[in-house]
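You will see chain A twice below: alongside chain B first, and alongside chain C after that.
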Partner chain A sequence: MSYALTEEQELIQQSAREFTQEYIEPIATEIDNTSAYPRAVIRQMAEHDFLGLYLPEVFGGTEAGYLSYVLMIEEISKVSGAVASILINHASLAAYSINCFGTAEQKQAYLPDLCSGEKLGAFALTEPGAAPGAGTHKVVATKVGDNYILTGHKCYIANGGVADVYVVFALTNPEAGAKGMSAFIVDASTAGLTVSRTIGKMGLRGCPSAELVFENVIVPEANLLGAEGAGMKMAQVAQLVASVAEGAQVVGIAQAAMDDAVKYGKQRIQFGRPIATFPAIQTMLAEMATNIYMARLAVYDVASLIEKGEPFAKEAAMVKLFTGRIGQSALIDVIQIEGGYGYSQEMVASRYYRDIKGAVISSSSAEFPEKVIASDLLA
Partner chain B sequence: MPKILVCYKWVLDEQDIKINPGDLSLDTSRAKYKISDYDKNAIEAATQLVEAHEGSVDALTFGNDKVKQSLKDVLSRGPGKVQWIGDPAFEQADAFVTANVLAAAIRNNESYDLIICGEGSADSYSQQVAPRLATILGIPAVTFVQELSIDGSRIIATRKLGDCTEVVEVQGSAVISVLPEINKPRIPSLKQVMAASKKPSQELKIADLQLSTEDLQAKTVNLSVKGYVMNRKNILFKETNQADNVAKLVASLAQEGVC
Partner chain C sequence: MADMTLTPKQQELEQLAREFTEKHIIPVASEWDEKGEFHQFILEEVKKVGLNCMAVPQEYGGPGFDSLSQSVVMEQFGYGCCGFATTLGGNGLSSYPLAIAGTDEQKKLYYGRLVAGGSGGFALTEPGAGSDAGSCATVAKLDGDEWILNGTKCFATTCGVATIMIIFASTDPSKGVKGLSAFIVEKERAGLTVGATEHKMGIRSSNTVELLLKNVRIPKDHLLGKEGEGMKIAMKTLDMARPIVASMAVGVAQRALDATIKFAKEYLDVNGKPIGMNQAIGFKISDMAIQVEAARQLVRNALRLKDAGVPYTKEAAMAKTFATDAAMSVSADAVGLMGHYGYSKDSFVEKLMRDAKVTQIYEGTNQVQRIVISGILLR
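The block that comes next holds the complex of A and B.
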């Protein structure tokens, strides 16, 4: 498919494909097996300008647009959903928030290192219990003089423990609930901020998920991101932006899984002929191919909306909803087609199956996509 | 500071070509184009030389009307500018025509210290363009090069031959054709991709190259291209005695001329 990509977009896609095949594919299974953060490959990605691809040139980014960025995420996801997640949390959540909501000083202080890959970003929203701020360990930010003092726990923070910069959401007005939430830029080295543990996961292994503990972490007022009390709105916007990248992640994983199933279906002989010649198999393949094609079009379209600065919330939520459904159903069928081979832990299909589930549930804590879509329709 | 020209071919990506099962014809309707693989080694070799010695790398290509799509790709890989000749009439250009056109385009330009080509193209792999080009330009050709360096005005190349290597030195301008083992072509960074748009490209027209009708008449005509399909023989040896199976296998292989 072409989606009328520009020459630059096609070359970025090609460059990302060459890179992932050269540097990520050979170690993708090892990353999954060991759950080890692939530091060397992230460094190589930084050298190839992957970490600041859509961010402004003035801060060291490539400013190639959000569509180019999701093309890159799709290519990476074809070989490693985990590496794609590391990048999405860095670029679509942490760096996006600073670029979109930060002051000129904050952008100048943080974006150059985030674009160059000198520093990795993370987005610390989720807390133990339920929604952010709802649990017993909610992170509270108390204003003392020119500083805020942050105390509490965060959990399931992607890139936790390996990130250098966290965008942290904390309650500046606990009585106001979500409306009392604010965002802060917090350096990982700040005294009182520790990683209590890394949580083992079903998929997306290698993109560490960590619990963060804030014990009287002093954050200067200058590191308040956006207005006090605007945290939840900012989180929702960033998560919608990220959900488009996660849509590309789902499309990439599903495409790779389908390609694997097609190859297997042509090779596996049953009743004297390849199983791909059976109508039941062909029906599954045709349905997943159609769904992936439609999902890809939607992902590219919403990425273009983001790039052009047009409203995108409803459409991004649609991408989240649709890619979630079709991604999971595709992988169920891929495992069905591949049978015991696909179910084997030694084969890639089972990794795709586990990774796609992680891609689908990422960035879905702030609001259900159905609610975003319905709210827009009924407004 | 060397002034280097690298020639490349814009070819169909063989991974995208499907073979029609009926008549074994090639279905290229969904095939994308790419820079021929060995030409990427040539581009990388030229780029490494100017990184080490300063100087400049220009690129030159000739092909059908699709070659214009290659300009940003090649410019993202190192060359500072590119000249291209794209004409749908030359879809079937052979090595003779290609070398004539490239040589005329080179004569149209300033002189180069070094002209680097890939050993052969990913599609026809005739391995003729570099030697033909050197002949027309009246300069030495050094083929099968696996190592290349420059020392002042000397070009030093290691050639990989059948069962030995040969180191040769050339004074002055030469055409070099490189093997894939000479280097590992870089993957352009995304900033290099974006910067390619800002580099100059120039179209040359066949009509402006002062070539005769004969120069542009292919010597080789492609009559057909068909896919090659390997079929299994589906022979099973079912003797109870394994030694008999082995004997039958050997006899069968001998009958096929394998041993």
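The block that comes next holds the complex of A and C.
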């Protein structure tokens, strides 16, 4: 690829690659098998300054830019989709929201700890009974004096239970629906906030998914993020930013899976020759390689738009749409090439198959990207 | 709605299988999936309703169902649990070689075990012989009145729990495909041991094992057909079995569709409307339904040809390919449309997406189906 990466970006890519090989690869399968949150790895990543990679230096980040950040996500995803998800929820959703929409005081209060890894962030939007991105099953925030009191349930919250800081979306005006939604920064230790259960899932195991219960959780007014009623808008922006990182996650997983299929196809002898010599297999490989190449270019391009502060909503949604399609089809083909062996739980391909689906569905409902793209076209 | 082209008897069977599935399979399928096994008592239950060995003719104590009847039952079982259906399908799969080449004595032996409530196994695949079944390295040598079998089979479906099985071995390795022969082997034969169990990504309640044969002696009359007819028997068997696997896949796809429809009616969008009211989602669900119905009718078409006694190899391969591709795509769409919920263990569709993948692989990969189809079209 001749995409013009700067020397610094190449360096970050290289160091992320070395890090993942040294610290994550040896335990990636175990993380999946046990579903255990890889605390030690996250701490090591913090020590390598990966947790605040694109965030402002003034708040303890490295300010290396969003493209450098997605290069890192891509490298991590080649080895563990789950670790990448932990990072995306921390950096692209929670920290991003605070950095983008927070007051100077809020940034000062939260970003240094999020950048250093002292604290882990999470993004609490989804509610039970509500489609991702929708505000139906209601966490309600009622203003009482200088505080808001939050009550309700959140579901499928990534990093739930291990996060220290939640960006929580709650209805300050339930009658207004989406327009009555606001965002709050809530410390995990706040009284009344509990994790009612962790939820098993198909893949991305190790990035915990939890149900959160808010029972009269008192949040000071100072922790309202952005304006009252601006919650849904902010959530959509953060999700679009995250979808570019998830695009990198899909590209990373698909690339690693394809590499595995190529290796398998060269070794696996049937009908007296390696199966990779059959046109049927080559067609599948060529298709996925083309798709991965296109997807990667788009991911890098939109990451650059974000980095430069240019409009990116339509393009980010396109990345979401395209990477979703090609990621899914790549893994269906990778397992097909590897056959019964690929289908075995003990093979890495089956983990990629389960993980990529999670990367694809992560931060939007199924029709969300099309809607964003069309809205932009018709504006 | 019932398929009105089914006979009243077939419709009755479908209803019986549906009720059985609702009562005995659906409530426990997730637990089977988690544990990687099903309760053996289910085999007793399925025997009670007379659906345990559908391919066994009436004169041997079975129900002797026509192929389409077997298909409608297997679709229901696939709807409940593809792993369970795979196990039951093994009884059919391993019965077909008897119908093709079995003597009266052989049928009495083999069918007798199945009628008594046992499970049948079919061991063709080897580490070096997958799609290329002719590269079989398991050998059978005649020693007086006995065959002595030596070798290793892998991905042997149900063979860890089967009471009797069909095992393929080469009686003349110098002849390649033409040296392949089929044998009836009872599980208690000395030297036959079950090796490692495969831990699979899906159809986890189905037993998949390595089968080790070390000087396994079986009577001379356990050879099915003639020496060297193994490949012919295997191919005819797979012709018969493919529409059945396709039926299971239709069941998987239908289950994913039903779950999606329910979700789309119940889940509310941000404006409080069921998400199914959104045209984009409604169209997606329509596409899923079109695939399911087209798959079902393609399967039934192939089986009507078979039951009419006309060539159906090409149509069986088409049905297998189309139906299993439909199961893959519909189940993946279901997870996508249901988002975090669909990806979690709270829903059943993530299991469907793991199960669906194997249907594109086993009983001849969909690439092998295309070899069959193009071979007929281009000859």
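The working rule: the second predicted complex is superposed on the first by the 368 of 379 C-alpha atoms of A that agree within 3 Å, B and C clash if a C-alpha of one lies under 4 Å from a C-alpha of the other, contacts with A are read in each partner's own complex, and residues count from 1 in each chain.
Operating definition for what follows: contacts are C-beta pairs under 8 Å (C-beta built on N, C-alpha and C of every residue); 3 or more make two chains touch, one makes a residue touch a chain.
What you see is a predicted model, and the numbers here were worked out from it, not measured in a lab.
Enquirer: Could you look at A:Glu370 and tell me whether it touches chain B, chain C, both or neither (first, second, both, neither)?
Expert: Second partner only.
Enquirer: Looking at the overlay, does A:Glu118 come into contact with chain B only (first), chain C only (second), both, or neither?
Expert: A:Glu118: touches no partner chain.
Enquirer: Answer with first, second, both or neither: which of chain B and chain C does A:Phe50 touch in the superposed model?
Expert: After superposition on chain A, A:Phe50 lies in contact with chain B alone.
Enquirer: Thinking of the overlay built on chain A, is A:Tyr343 touched by chain B (first), by chain C (second), by both, or by neither?
Expert: A:Tyr343 contacts chain C only, not chain B.
Enquirer: In the overlaid three-chain picture, which partner chain does A:Glu310 touch, first (chain B) or second (chain C), both, or neither?
Expert: neither
Enquirer: Just checking: does A:Glu30 make contact with chain B only, chain C only, both, or neither of them? Give me first, second, both or neither.
Expert: A:Glu30 sits against neither chain B nor chain C.
Enquirer: Which chain, chain B or chain C, is in touch with more residues of chain A?
Expert: Of chain B and chain C, C contacts more residues of chain A.
Enquirer: Touch test for A:Glu105: chain B only (first), chain C only (second), both, or neither?
Expert: neither
Enquirer: Check the residue A:Glu215 against both partner chains and state whether it touches chain B (first), chain C (second), both, or neither.
Expert: After superposing on A, A:Glu215 lies clear of both chain B and chain C.
Enquirer: With the two complexes superposed on chain A, say which partner A:Asp259 touches: chain B (first), chain C (second), both, or neither.
Expert: A:Asp259 sits against neither chain B nor chain C.
Enquirer: Touching chain B in one complex and chain C in the other: list those residues of chain A.
Expert: Correct list for chain A: none, the interfaces share no residue.
Enquirer: Within their complex, state which residues of chain B touch chain A.
Expert: 69, 72-73, 76, 187-191, 193-194, 196-197
Enquirer: Along chain C, where are the residues that touch chain A in the complex?
Expert: Chain C reaches chain A through residues 125, 128-132, 135, 154-155, 198-202, 266-272, 275, 278, 280-281, 284, 328, 332, 335-337, 339-346, 350, 353-354, 357-358, 360-362, 365-367, 370.
Enquirer: What residues on chain A touch chain C, complex-wise?
Expert: Residues 126, 129-136, 155-156, 177-178, 199-203, 209, 232, 269-272, 275, 280-281, 324, 328, 332, 335-336, 339-340, 343-346, 350, 353-354, 357-358, 360-361, 365-367, 370-371.
Enquirer: Please name which positions on chain A make contact with chain B in the complex.
Expert: 7-8, 11-12, 14-15, 18-19, 22, 47-50, 53, 62-64, 68, 72
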